[in-house]
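Here come two complexes built around subunit A, the first alongside subunit B, the second alongside subunit C.
For the complex of A and B:
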């Protein structure tokens, strides 16, 4: 007889129908509660028994969290909107192709059909020491196994290390930062709006979390303002496999140009730190500059200043430099 | 014909191996769920949702066009329910980590990994497994099944049910597609025999057959 070899440990399941009920449940159960979106990151944790929430709150039955609403030229995207729906939406494609590109390159069709935009930006890091249940800093312990002398750290960070060297795995996160998106976060006390750039936090801010979400918080909506609608965009995700994989390094960029000059720029790189890194210095450098090869070269060189590779991820320096160059070149 | 009798005196020939195994699975599932303690919530919200039928253990699932009553644990995935409680063993469990695609099923016509969706999340939705592809009235194969039969698309075929479901999602959602588009649509399914070219041949043929219906 076949064995059920991987039954998840038991939990209590709630399927609220409204945001109010979900927030009340999160408040009631605090740290013991787990908000379940698409579940693709969550269930790995449960099956591996690394995270064992007592209460799981399935957000899939809350209609208010799904769908894309227009706000002028901007868009409000419900956190539970599937990545497939984001990638296929005509308004997203015509105004914010950057986000459509990012969403369409996440994992596989099955994962995009079930995975949500809110879940994609809130997923945990892929550091396998952490995911294997090692008691590292991020897991509340007192060491980092990925930066130990014998550690395999080809996929880890080159920027923003602070004890932990994990990276953010999301494809849509850098696109949302580049588009100046904001996140609506709801809890029992009310709703706060967090800029995408501040939604993602590095280990220096909070070593046990990837986002600004605290226990009791629920990401309800991602708002993409009209500012960058119809701009020139560049998105490139580099991964080990041609088919599907997490990114090694990703660049997401937006430009407004006129007469061969860059008037406005957003350049964001992911896969190099625990958060998508917005390259403010590069943006200042290219703003007002001609969209030329010289500008692209200078932007790439500036992008990696201060980067500190680990033993096995030195290639990420060249990768990041070249991706930033390609992004700036695309503005020409 | 006299049935053969095994060492325990039980007939062996009148029951196929597969049917016998499925019987054991069903018996085991009944026993295991009966023996599992269910922690009921004392919370008012749970009671409220239970009244609306949202968090009950006993679900009615729409699987392959049939209403199936089944006792489902809160932490149970759809692939487990299908295989171990409903006997629909066409759906395979490979990695159980949303990576290989062997467990792919359709939920409201869209392909999902059965190993990574809670059964409770598909309540009220229509589930299709590989067993549900052929016409229930006539037994006619679906365009995808016909194409795979003609093309002999698989070697060991453990991955085949998952591929067939992703192909079905493709041909029903996209009237016409290129080989590259088919490869992209099937990229969430792995074939460790490496039969991708033949599988893509089948996908293209399935598209032709679907258009000619």
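For the complex of A and C:
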């Protein structure tokens, strides 16, 4: 069959107005259904005729999925809330600047207006072999083109490889992991709550999916608990160009400090694995340590222990190490 | 009193349509019964079509027909067919299907089975030159004296080059020299030598090369996206073996071409041929994905350079070797690269050797400053390396080596009409504040270190001998007929302004007719090589002088006296000193029609081109016709403009990220016609160069021979956040003495200036270390800063 791209094939479109209807439709159509949020990731797949769902369920007309509600000092963010709304929300900014920073660095203003928080955390990887429709492990095939000896892989993983070497492209995902957020996932059987750290899955767990969402599941809400409200945050996204770019490496960190000492820490890195990597060892190292250059250096060195570069992404070790150092330095 | 039109800002006549969305680009046109075409692209970088099974496609409801390589004009490689049975790059069009809508056409293409025989392929020219390396075409990998040849260098040459970490340099296919480089190097006070890699980058204009075509009464009507108008029609007529007058060519707007749509494009033939076959209009909307493949690209260079300097910074010898990635159908911009290098530094002793190798990568074409932009961005930081070692100021070394108007350069030692490179350097340095800002070099602020750079970039900027055509109609207005394309610059308006000024008109008394050959368009240049401003201010000036003579003659015949007694101003002609008397241009136009003959275009000059004769016949009788060939002379001397770019960057030593924080572009492009438009060209071109140096890239998988970075977000042209918002520009403004208006072109030289200012500033921020490759992305810079083992060889390209 000849390949053709940039021409969206037809599908059956449903536009439910309630979460119940959306969940029912997802259950009814199972693997043939595709839940459409902002469409920035989905439309690429459709236009390239690589993912060809028979049924598309547009979530854009469900009011209950949009908006930010207070829960004490914590916030419940509807999965369909736009990234620009998240970035601009005064409560997000005053309590969880980390998330506002992350959301405001996604792509472009137009994409942030259209893109949603739920979509941003649920998006597929941008591995260019996979996105080109090659029959790799992640696409259900039996090889990884990106880790072949001559392959071009400067944007691929240094951690968590398991046959597949793709990385998670989300800017908000590491921020949500750092904030100990949880995801509400609905399906026909009810609602379950998944910790952000568990929401993102690597290829060792499921090589064809980036998240814990399974057919029939709908991410309805992202809950940010009060725990880290008003903490010291550090977010940095390193990319090739200033606008409309995915990260090479991102760091998202939260600290509670007192008297120049770090009392609590969350340090998460993205762009280095198929999931945002929470650096538990680094957190243990810096907790109770002075927010000093020495701590930063040690944290950076520890962060990249066990990282294994591919041919073209050795720089990511240095970049990840340096970004972790900068995050720790920021706590001073 | 008429306005002064040269040197003032105006709103171009297409502005409102562009802003309101009413402007019609190629894919906005419609015709009754219009069908849509989709292409089947080669999935392999080199293959031969054994069999096409289209039965399942053609039996689909709504499918109207198929066009294969057997249906199109046959060409022998390296000439390119619009459809092929022997694809030489992934993405080359093999066939086209027409259907009632695009969805059906796409589905039909998917149902077609093409049986392909894979053939050996090669992406890297050096790999093709290795013993046993593949040739991109079955006929060979280079063309020498118009003959295909399989050129291989020796294993020894590769081995010694690899041991030395330099470019292998076997037998070139092109070589020229002046003086004695070996003797000059022996006498030089300093020698610097580097292997260089300039990447190949796609054009990716905003508007893909879509077009629509239909046939009516034996004539082809075509609506296309192209840089030129008259010349694109001529190219299409030649490709399809049609008479020029059998094509009605419409191209009102163009969403960018940058050299990739000079006289249209090869795929432009497909709707015309498919329409003829199925008897219905055919629209072909090219996608971004397809644009990546057949939308053309700047060729990359793998090169080597050796420079010899005198202690005071004077470059005494330049030895350059360029291996060019010729792509599927060849490229020759290494020729310009060598000439531009010679021109910029004027070494008495120069040798340029080059080989352009066919590769199974998408076709290459001119890209804004072809050859020049690449070489300037590569050589300027190496000149800085010399300056640094000699302790010479970087501005001073450029002024010392830059030519004056008496320069002779290139293989044939061509002369130029005017050169004010040193003035541009001085003006740029003043505008930018070089004396203060150079002190920022090496300043550290936390993890950031500042670098400052200068890039001096010349490029061609003119041509001669075209025709102008204009009519003063009974509405009293000057109607200027433009055969040049509306490629996104304001040339259609700006080249008419000297004519209007000569005739004493204000800008609202001028109407521009463009973008449709049925309106009558004169013989015109290609919109390429930055020649339009120069060529067509001259041509329109010539036609305006003709109109002026005729207006004076009409006035004298009507009101008495001698033609020379009459002056023109504000849309009237009157005797000197008696503004109240005389005739309006409206009266002049009516009188010209009465008089007929040469006054209203029924008699034409002998020396105008046949195309202009046809065009003038269309407007004959509409009013007083001004028509003339540019006979201002000057043949033999080249026309070049100059841009010097000054940049300040901040390089983050922990991330490898470079931020451009300040930029100034200063130009010598002769008389300034339209300041705002000039500023847009100087800075816009500079930004394109910055992208080429920093953010853009094109990555290929060498095992499978296919490109990635096919989308805008992966190809990464620079965005608003990648460029300084406070960039400044300035123009020397010394008129070129060999042209009546004094203006030279500007489109291309800024690219090399912007790119080189960045490559130099980055090298400066790295303490003088020249990475001598592009793009300077964070991974490349960080690998250098961290002292990591480089995962690529010194000549590797298309990596990432």
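The rule is short, and it goes like this: the second predicted complex is superposed on the first by the 325 of 332 C-alpha atoms of A that agree within 3 Å, B and C clash if a C-alpha of one lies under 4 Å from a C-alpha of the other, contacts with A are read in each partner's own complex, and residues count from 1 in each chain.
FYI, a contact is a pair of C-beta atoms (placed from the backbone, for glycine too) under 8 Å apart; a residue touches a chain by one contact, two chains touch by 3 or more.
Keep in mind it's a predicted model, so treat the numbers as computed, not measured.
When the two structures are aligned on the shared chain, A:173 is found in touch with neither subunit B nor subunit C.
When the two complexes are overlaid on their common chain A, residue A:39 makes contact with subunit B while staying clear of subunit C. Contacts of A:243 after superposition on the shared chain: both subunit B and subunit C are touched. Contacts of A:128 after superposition: subunit C is touched, whereas subunit B is not reached.
In the superposed model, A:7 lies in contact with both subunit B and subunit C. Of the two partner chains placed around the shared chain by superposition, neither subunit B nor subunit C is touched by A:65.
Of the two partner chains placed by superposition, A:210 touches none, neither subunit B nor subunit C.
Of the two partner chains, subunit B is the only one touched by A:110; subunit C is not.
Shared-chain residue A:325: touches subunit C; no touch with subunit B. Within subunit A, the residues touching subunit B in one complex and subunit C in the other are 1-2, 4-10, 108, 243-244. Across the complex, subunit C is touched by residues 1-10, 48-49, 108, 128-129, 132, 145, 148, 150-152, 154-155, 238-246, 248, 311-316, 318-319, 322-323, 325-326 of subunit A.
On subunit A, the positions that touch subunit B within their shared complex are 1-2, 4-17, 21, 24-25, 28, 36, 39-40, 43-44, 46-47, 56, 58, 60-61, 84, 107-111, 113-114, 243-244. Residues 38, 40-41, 43, 102-103, 106-107, 109-114, 287-290, 447, 654-657, 659, 694-695, 697, 699-704, 706, 708-710, 712-714, 716, 718-722, 777-779, 782-783, 786, 788-789, 791-792, 799-800 of subunit C touch subunit A in their complex.
The residues of subunit B lying in touch with subunit A in their complex are 21, 24-25, 28, 36, 39, 41, 43, 45-46, 49, 52, 54-55, 73-77, 80, 83-84, 96-98, 101, 104, 110-113, 115-118, 120-121, 166, 169, 184-185, 187-188.
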